[in-house]
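The block underneath contains the structure these notes are about, expressed in structure tokens.
Chain IDs A, B, C, D and E follow the sequence of writing; residue 1 opens each chain.
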Amino acid sequence: MLLARVAGTVVASRKEVRLEGLKFLLLEQIGVDNKPTGGHVVAADAVGAGVGEVVMYASGSSARQTEYTHERPCDAVVMAIVDSWEVDGDEQFRK
Amino acid sequence: MLLARVAGTVVASRKEVRLEGLKFLLLEQIGVDNKPTGGHVVAADAVGAGVGEVVMYASGSSARQTEYTHERPCDAVVMAIVDSWEVDGDEQFRK
Amino acid sequence: MLLARVAGTVVASRKEVRLEGLKFLLLEQIGVDNKPTGGHVVAADAVGAGVGEVVMYASGSSARQTEYTHERPCDAVVMAIVDSWEVDGDEQFRK
Amino acid sequence: MLLARVAGTVVASRKEVRLEGLKFLLLEQIGVDNKPTGGHVVAADAVGAGVGEVVMYASGSSARQTEYTHERPCDAVVMAIVDSWEVDGDEQFRK
Amino acid sequence: MLLARVAGTVVASRKEVRLEGLKFLLLEQIGVDNKPTGGHVVAADAVGAGVGEVVMYASGSSARQTEYTHERPCDAVVMAIVDSWEVDGDEQFRK
């Protein structure tokens, strides 16, 4: 999984039928220092994350292992809202 | 999924039999700012996207989860035509 | 799928038994402008491509969806010989 | 698999139900010279690794092949704590 | 598959049970010119490759398609020892 910040939402009215009902979030990838790394990804939202929250997302076939995304053509999913992380015993991020 | 612009089409008359009938689009990857990032991908088109449209595409095994690409040797598929996206509450793109 | 040019062949007499009989091509990745991007990949050849030809190849589990590579430990396969592609209505490549 | 150093832990109280009970480690990717390469990944911990230890982790669908992560939406897992490695006969790292 | 040189071995006494008995090689990725590209990967060895040999390895789910790695949490496997390759008719590498 990778860390990311929820930047916003993506709207797409015309889409593959198996994507109907999924909410898509635009994620900015961040590093361990909580700064953007320049990459982005569009992920389905399995946890109800809001704009500005820091999340973990899974990619690839793992993104289809949630009930929300089962057998859907979805290659990225937000799996958790991050509360905090530590690096060598020091807290680097707290929500 | 990643954001991309449909740049054009790719024609290949000699191909693996399980690819027969698929339409292949040449996609230019774009960033959150709607500018090209320099990468490209050739994707099957599950939604009837046209040249110039902004789309979302899925990669890897997820690309075989649409009815259009089921059990085909296809590792990228256009899944949706993007209407708009927001970053921190501001609209960054509208079709 | 990605675009590539067939640079040559790779010979390996000692290999995993499930690879017996596959032909391996050395591919140079190219961009939309038909110039090399610096990367390479070794792919099984499902279509009989020759040195110098421009091809599309699939990666990952999709590379095992051809009859040629079914259930083989193969993560890249040449799926099509490219005839041409267009960018914004202009032909960028013709065989 | 890739080499990494365990930098710390990630806490996420709100998460997909199939992730309940997994411990998440924040990994810093390292090179053959045991120096950080700048990348990170959040991985489930199948072996009880501690902060500062050097580990190997698997990515993608392989990350779901441990008993700990079976059928969970998990795309990275720490599989082993590294004791040592050699490069051309010289020991480059020992725990 | 990608080309790599076997740099050495990795020892890990504490590991996921399904990895027991596998031998792990440290691979340096190389380019078509047989020079290192800077990347590395730790791969299971399905063919008995020795230090200094040039090999091909498969990544992702394909790495679990050998008898040696079947259903193991292994995302990279050495599949073949390379004898030679050609670029545009000129031999670039011979063992």
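Here is the rule we go by: contacts are C-beta pairs under 8 Å (C-beta built on N, C-alpha and C of every residue); 3 or more make two chains touch, one makes a residue touch a chain.
Here the structure is a predicted model, which means the values were calculated and not measured.
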Do the two copies chain A and chain B share over half of their interface residue numbers, or under half; same or different? different
Centroid from C-alpha atoms only, then distance chain C to chain E, rounded to Å. What do you get? 20
Distance in whole angstrom between the CA centres of chain C and chain D is 32
Touching at least 2 other chains, the residues of chain C are 60-61, 63-64
If you connect every pair of chains that touch, what shape comes out? Choose line, ring, star, complete or other. ring
List the ring in order: which chains come, beginning at chain A and going next to chain D? A, D, E, C, B
Partner chain D, residues of chain E touching it in the complex: 7-19, 24, 26, 28, 40-43, 51-52, 60-61, 63-64, 71-76
Taking the touch rule as given, give the residues of chain B at its contact with chain A in the complex, in rising order. 1-3, 31-32, 46-48, 56, 58-68, 77, 79-89, 92
